[in-house]
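Just dropping this structure here.
Chain IDs A, B, C, D, E and F follow the sequence of writing; residue 1 opens each chain.
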Amino acid sequence: MIPVRPWLPMPLLSVLLLAMWLMLQQSVSVGQLLLGGFLALVIPLITRPFWESQPTVKRPWLLLRYVLRVLGDIIVANYEVSKLILNPRSRMSPVFIEYPLELEEAFTITILASTITLTPGTVSAHLRLDRRTLVVHALNAEDVQATIDRIHHRYERPLKEIFEC
Amino acid sequence: MPLLLIVLLPLVGGLLPIMSSNERRGACAAVAAAPVLIALAVALYYAGAVLDGEVFRQAYRWIPALDLSLALRLDGLSLLFVLLILGIGLLIIVYARYYLLASDNAPRFYAFLLLFMAAMLGIVMADNLLLLWFFWELTSLSSFLLIGYWYHQSEARKGARMALTVTGAGGLALLAGLLLLGRIVGSYDLQVVLDSRDMIQADPRYLPALLLVLLGAFTKSAQFPFQFWLPHAMAAPTPVSAFLHSATMVKAGVFLLARMHPALAGSPEWLYLVGLTGLATMLYGGYFALLKYDLKGVLANSTISQLGLITLLLGLNNQIATVAALFQILSHALFKAALFMTAGIVDHETGTRDIRKLQGLWRTMPLVAVVAVVAGASLAGVPYFSGFLPKEMLLKESLDTQLLGGLSWLIPVLATLGSLLSVAYTIRLVNNVFFQGPMPELPKTPHAPPRLMIAPGLLLAALSLLIGTLPALTTTALLTAAGNAALVGDTPELHLVVWQGFSLPLLMSAIALIGGAALYWQRKYLFAFQRQFRARDARLLFEASVQSLVHTTQRVIDTLENGSLQRYMLWLVITILGLVGGTLLDATELRGPLPLQPLDGVVIVGAGMAIFAGLATAILHRRRLISLLMLSIVGLMTSLAFARFSAPDVALTQLAVEVVTMILLMLALFFLPQRTPKESGAARILRDVLLATAFGGTVASLNFAVLTRPLESISQFFIANSVPGGGGYNVVNVILVDFRGFDTLGEITVLCIAAVGIYKLLNRLRLFMPSSDAEGRPWSRDRHPLILISVSQTILPLALLVSAFIFLRGHNAPGGGFIAGLVTAVALILLYIAHGVDWCQRRMSFQYQPIAVAGVGLATLTGLGSLALGYPFLTSAIGTFYLPLIGKIKLVTTTLFDLGVYLTVVGATLMILANLGKLTTTHRPSKQKDKEKA
Amino acid sequence: MLDIALWISLALFTAATLLTLYRAAIGPDLPDRILALDTLYVNSIALIVLFGIWLNDKIYFEAALLIAMLGFISTVAVCKYLLRGDIIE
Amino acid sequence: MIGFHTAMEGVIAFFMVAGGVFAFIGALGLTHLRDFYMRLHGPTKTTTLGVGCVLIASMGYFSLVKEGLSYQELLITVFLFITAPVSAHLLAKSALHQKLPRFEPTRDDIPELKEQGEDDEGERASRQP
Amino acid sequence: MDHLIALPILLPLVAGLGLLLNREGPATPRRVVSLVATALLLAVCALLLVQSADGTIRYYALGDWQPPFGIILVADRLSALMVTLTALLALGSLLYASAGNDEQGSNFHGLFQLQLMGINGAFLTGDLFNLFVFFEVLLIASYSLLMHGGGKARIHSGFHYVVLNLAGSALFLIGLGVLYGTIGTLNMADMAAKVPGLDSSRLVLAKAGAMLLLVVFGLKSAILPLYFWLPRAYAAAAAPVAALFAILTKVGIYAILRVFTLIFGAQAGALAYLAQPWVWWLSLATLALGGVGVLSSRDLRTQVAYLIIISVGTLLAGIGMNSIDANAALLYYMVHTTLVTGGLFLLVDIIAHQRGKAGARIVRGRAVNQTALLGTLFFIGALTVAGIPPFSGAVGKALVLKAATASQLVWLWPVLLISSLAAIVALSRTGSTLFWRTSGGERRRERHESGERDKEHERDKDSERGQRRVGAMRTAGLLLLLGASPLLVIFAGPLTDFTSATADQLADQEAYIRSIIEREAPSDATGDEP
Amino acid sequence: MEALFSMTTGVLAACGLFLALRGRTFPVVVGLTLLSYAVNLFLFSMGGLTTGGAALIKGQGGDYADPLPQALVLTAIVIGFAMTAFSVILAIRARSDLGSDHVNGNRLDEPREESS
């Protein structure tokens, strides 16, 4: 990993920004590299005061695995939602679930909440002020505990490993 | 020696008393008298030559565009008046020195008096119609000031205003009349006008011009029915009245009649208008002079009567009568000034002017009584006093008049009646005040006045007597010279002898004298007769009519400008529909020659959505948030339309602006009431729908008409020159920053000013903040949702990167400083939404105003840079550099300009939103409070 | 093939936008309308991209990018309004 | 033998149509589902994916017809996937705040949706296990 | 390169930006900068005026893009006269403001300078869209300045002013769009050159566009059915702001004069002078209603605002008469009325201030402290606006009256003269109430009757007066504006010579077009290399 | 196409005007915004409706949309934004100072809500 220096407060962000710059420009010329590098250095410096919690990726490979898993789940999710929408006679049993959070960092909670929303059958609807409970709306969950467990094992645990361990 | 001195000396001399001390009255009067004396000397210097028939004319260029030159003349008529004005003026100054009280502001008095004098001199010496008008109005003004001199008295204020209103109105009529005359003649030069009598009287505009000029003269001279202001002008200090009634103001009117006599008189119109007005005025004044109890009231009405007499003389279209009028002007000036002075002394010494309270004053003030008797005799037309001869001339000439056709015999009868009346009121005036028994109890114990106070009156009385006894010796030369000026051709030879043998006029005179005495004796019947009528005070009537006029105007204005924006908008729409819609109705064919492009489904759906959302915005306007959401759909569809029709830059800008506008309107939604009450009735809604439909129809028709016509525009130039001249491939952007960069500079200036103005508006703003939403739900306690916070901080660097991208691309691809600025600003606003103002402010230690200003400054400096190189403001320069590794770099100065745009947008947008947000952080109504209330 | 696919896609997206407009119009509640508006924004990104493909020109890329960013922010703002009334506290 | 070009065109066409279909289904969900919380699922997941597909199609298309790869669209896709769940979250939060009516069979015994309860009671409830 | 033409815009822009950067801290530096900048502006404008007197029409091509493609600034006699007038008015009102009004809110001087930039831009630009931009600059600055000092009345009338003008801006864009869509150019000289070549089907469209512009300019100039916003707004504004606003209505009048004598001038065939008949009838109605308004006013500020309406009516009547003489007359009248009404707003402010609680309401109240000075100035001001000799209003009015043709005078003379009479009646009422019918006057009356003076009491009052006397700065501003009136009479000769020459120049559309567009040369030769 | 486009601008302008004639500040401001959308579309279309001809120079001469109205609209949008912002804040200020959101500020017909 790239070490943190005063002029490089968020190395991962800088890398991402450079990548995005090149993506935007669709060019990897020396000029664009220099310009992108410059922006990748300057923008984090400018925006650093606005980062309340600075996520640090402890296990990058796990992150990659997580991303792929979520992408897969998104496709499944869409298939299932489409089925439910297109079959009006399907019997749904919607439910509001109170999901007890283990995560503590704001950033990771956000990732979890987003993941829940993008993945099958669930939308994260409300984070209580104490940050301990996430209210989730499930479109069709007969077994509430099973859904909670699935979220916990499939998403929350890996996130905790990636960011918070 | 310049004639101008005669006018200029009193005018400029008016400043002398102002600079002198109020305490030293003598000095004050002396410095006031000095310029008058010098002016009199100047006039006398010319007098000999003028009496010999010479006419002096001097002119200075002034306003050629107005045909107004500073042209003065001194002919016989002018001389007569100049001598009267300056001579009597001088005596008035002396008199006033003793008249004014210690508490009166003497410098102001003398200044106004000299101004008045100068204005009057200007009238009589003007040799240009417009110049005459200038001075004419100046007399109205200066008399306004003099009448209102004792402004703490209501009568003075009202009298002054009435005088100004009546004479001012007359002045405006006179202006119109003189302009009309000038038009007829083709010149405003007095001599030219006076020489063009035939041309004038043959012109169809003669009658209106005559009417307008006469309106001016009659109002000024207090002719019937405009006489009512004059008695109320006596609220002025008596020296003013003496001056006003003798040599100035009212004399301006008759002067004008005499002055314009050669050009306007001689026609039947003149005869009827002037003659009959004079006659009516003479009788009216005489009758009411007899009935008044106030000493000055009698004198004022006598002035009206006497001026009626003069007007009648001037109106007879008769040369001798005209000379008689001039004679009477002279005579009246002398005895009326003297009479007013005596009245002033009586008032001054006894504290009252009520005839009923006064009698037997000759015992304490015999000299005053002498003056009164002599002046009164002149007024009554007693032989060997100055008033006798003009009256005789009137009676004689009235016999020849064919004024009323078959009823012409009425004229001499009525003229005699007029004389009779003047005899009656004069006897009443003199006898009741100075004789008729012992002195009664008076508010003040009368003393003999200071000798210098009575001296002017004595001098005038003596002059009156002198003229009366030796008319030929004293006045022939002057009257002949004056007559030469007032008549077409030369003055007929005058035989001014008192005793002309027995004749019909003498008999009429005798009837007048005896009858007058008899009327005086039996006046109680007259009083009883008059008592049958309700006394109507002209002042009250005038005030009431002005009041009612003001109330009417207030009603009109309050109805018309009822402070209703809807009403004002309605007028705007009506104007548009009238002017533009009306024009479109003329169009024979709305559709032009261009073929229509085919429709496709996406466009139909998009347009349908825009129309639907627009209608929904309007129909659902009472449900504000929904209306706003619909507006946002319109905004989105508008952007998509721009994209669809090849305007990516416009689409981007519209999108970015739309979002910021939405945020602003959301803020408004919170601080404004959440509900719109139903206020418009069905009729109003229908009206507005019809208006809106008509307006929309107009817009659509115009749009369609233009779209279907081919256009040859200058745009090819921009497309051709964008790359070679502007160094950019995005023509729109090159137009913005280069071809029409000046517009853009103005545009960012507008943005910057708006932000600064909003900052002003937010100063000490007390906001209304609802403690619950429209349905009464309390607000959520989650001020800053955690997930939003995390995302906002993630988006910020991305947005900055995108900003940089859009900014740098702008010159060659869609983008540019403005859009980049909005992207940055919106990302920062997201931070504000997520974290609140306090949190953000702690992390952004800079103020936004300097950024916005610096942005405009940078753009301006970029423009100014080209000045240094000798090019016009905002000329762009392109530089191409080669750098190792990187290659060719093209730098255009307009990039700097665009950077200015960027900074302005960021600074201004944040200044608006963040400052508004700042106001609410500390004072948020809490739910806790609500509960306590419940 | 691409042409047909493009037209089918365009038609589907257009139909989708019409459906979202329907939801925005009938509500019944504010969140429904806001959701519809948000969906409309997202759909219009696709419309713009498809239009770009049709024109064979990428000049509308920035527009799509901006809609993605700005649509989100306006949804956030409206939600904040529903929750707290004051969107910039 | 199908050429690379044709194959690519097929893939692009597939993504385009798939995108359209997903977006349409999402919109259908928006209009047809019974309550707001259910309607939220459609647009959040399906429409996002649908637009993602179109963006991928665009990447493919422009990589095919112009020189060089086109991957700008990736940025929009990333952006959409970051923001869509957040929008949905905030919308659901607002809906909960407004206690929007639920579809009959929904199990909604959370404190946020209790009639007399207010936001902060949810907090209290979670403190008492 | 002669940059003089651009300076009346650039100078206030730079000064304004500098002033906006220095928002807080002591006021003196801002005042000094603002005053110096305005004095410089006056000098620059005067130079421009002198330069323009030779009759040459000069232009300045911004960005070195030649007309008709780039934006140009044009300095002819009319523009030079207008900017000089603006600078003079601005200096007077700024002197006044610098005595304290400027600190009643933030950013006064910066906004003031930018307001000047907008006004000068509108007067100088030769490009129709650029005119729109400068209209907006001056409008947004005027919105902000109108709010200076805050208060209910300002906010209330300000909202009306803003909304109406926003609608006006929308109309401007529509009108502008139609003109561009039919004529294909934005440069006013180029438009003037191309209008004669329009075919009949486009002629109607151009006419509709022109009519829209007329509505917009009418709104700005406060013509009859569109003036209702003005009295309240002007009466509510802070004195120096209201004084400066005296020029704002003239911007509208200028725009009407410029567009409808140049683009739609004699050369325009069927569209020649198409606005003038409308302007004529509406101006008469404006005049009449202005007279009614002056009589109806319950407040001195409102009264002055209605006097502005009268002056607007007179000016527009001048335009409506549509002759060289009338244009010359209205230009003289414009100079006079702008300075004097500006000065009156300042004077009214002092009077209201010294009258204490009665303020500007036309009711009996406390006497002002400096009766002689203020009374004299009020008298002069009132006479001037009422058009009574010997002050400039009389000259202006006489010029306008004299310019009327036989068929025009039948309407104009009665209306104008009667509205003058209304002004006389109203102002004499006002003046006598304000200066004569005072509570102090009653005390004077007692003294008058008892014939003695209470010296002690006098001294007490004098010390109180000392605090409420008008300062040197305010007096200077006031005298600069009101003092113009006698000067305008004394030097009426040279000034009317200039305005006559200006009217001649306005009537010669061909010369204007020739000075800017070289129609012989093919258009591609004009695109210069920067 | 032209007819539909014109109809759209007409309807939007009409709706905007209708709102501008309402009695409360908020609808008036919304109406003016709507009107400005209509005007922007109108002004933009004065150069004609071009499909696929964005004014980006691509080397060879092409059929470009008229760039000038586009530039004008851009300027108009920005100015309109500044004006809208000002009028929005002014409406808030008016409500705060006058106690009512009526455009004529003269109706105190709402309960005075909590203010700081």
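As a working rule, a residue touches a chain if its C-beta (ideal position, glycine included) is under 8 Å from a C-beta of that chain, and two chains touch if they have at least 3 such contacts.
Computed from a predicted structure; not experimentally measured.
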Any chain in contact with chain C as well as chain F: B
Intersection of contact partners for chain C and chain E: B, F
Selected interface, A-D versus B-D, where C-beta contact pairs are more numerous: A-D
Most centrally placed chain, judged by C-alpha centres: E
Distance-maximising chain from chain A - centres being C-alpha averages: B
Between chain B and chain A, distance of the C-alpha-averaged centres to the nearest whole Å: 75
Centre distance in Å when chain E and chain F are each reduced to the mean of their C-alpha atoms: 29
Distance from chain E to chain D - Cα centre to Cα centre, in angstrom: 59
Chain centre separation in whole Å, for chain F relative to chain D (CA means): 31
For chain C, residues contacting two or more additional chains: 10-11, 17, 30, 34, 59, 65, 69, 76, 80, 82-83
Residues of chain E touching at least two other chains: 129, 133, 136, 140, 143-144, 147, 150, 159-160, 163, 167, 174, 177-178, 180-181, 186
For chain A, residues contacting two or more additional chains: 20, 24, 110, 113-114, 127, 129
Touching pairs - complete list by chain label: A-B, A-D, B-C, B-D, B-E, B-F, C-D, C-F, E-F
Complex contacts: residues of chain A adjacent to chain D: 20, 23-24, 26, 74-75, 77-78, 81-82, 84-86, 88, 92-96, 98, 110, 113-118, 121, 123-130, 132-133, 135, 137, 139, 144
Residue ranges of chain A touching chain B (in the complex, touch as defined): 13, 17, 20-21, 24-25, 29-31, 34-35, 39, 43-44, 46-47, 49-53, 106-107, 109-110, 113-114, 127, 129, 131
Sites on chain C touched by chain B in the complex: 10-11, 14, 17-18, 21, 24-25, 27, 30, 33-34, 37, 40-41, 44, 47-48, 51, 59-60, 62-63, 65-67, 69-71, 73-74, 76-78, 80-89
Interface residues, chain B side, partner chain A - complex: 781-782, 785-787, 789-793, 796-798, 800-802, 804-805, 808, 831, 840, 843-844, 885-887, 889
In the complex, chain D residues that touch chain A: 22, 25, 28-29, 32-33, 35, 37-38, 40-42, 44-46, 48-49, 68-72, 74-75, 81-82, 84-86, 88-89, 92-93, 95-96, 102-103, 105-110, 112-113, 119-120, 122-123, 126-127
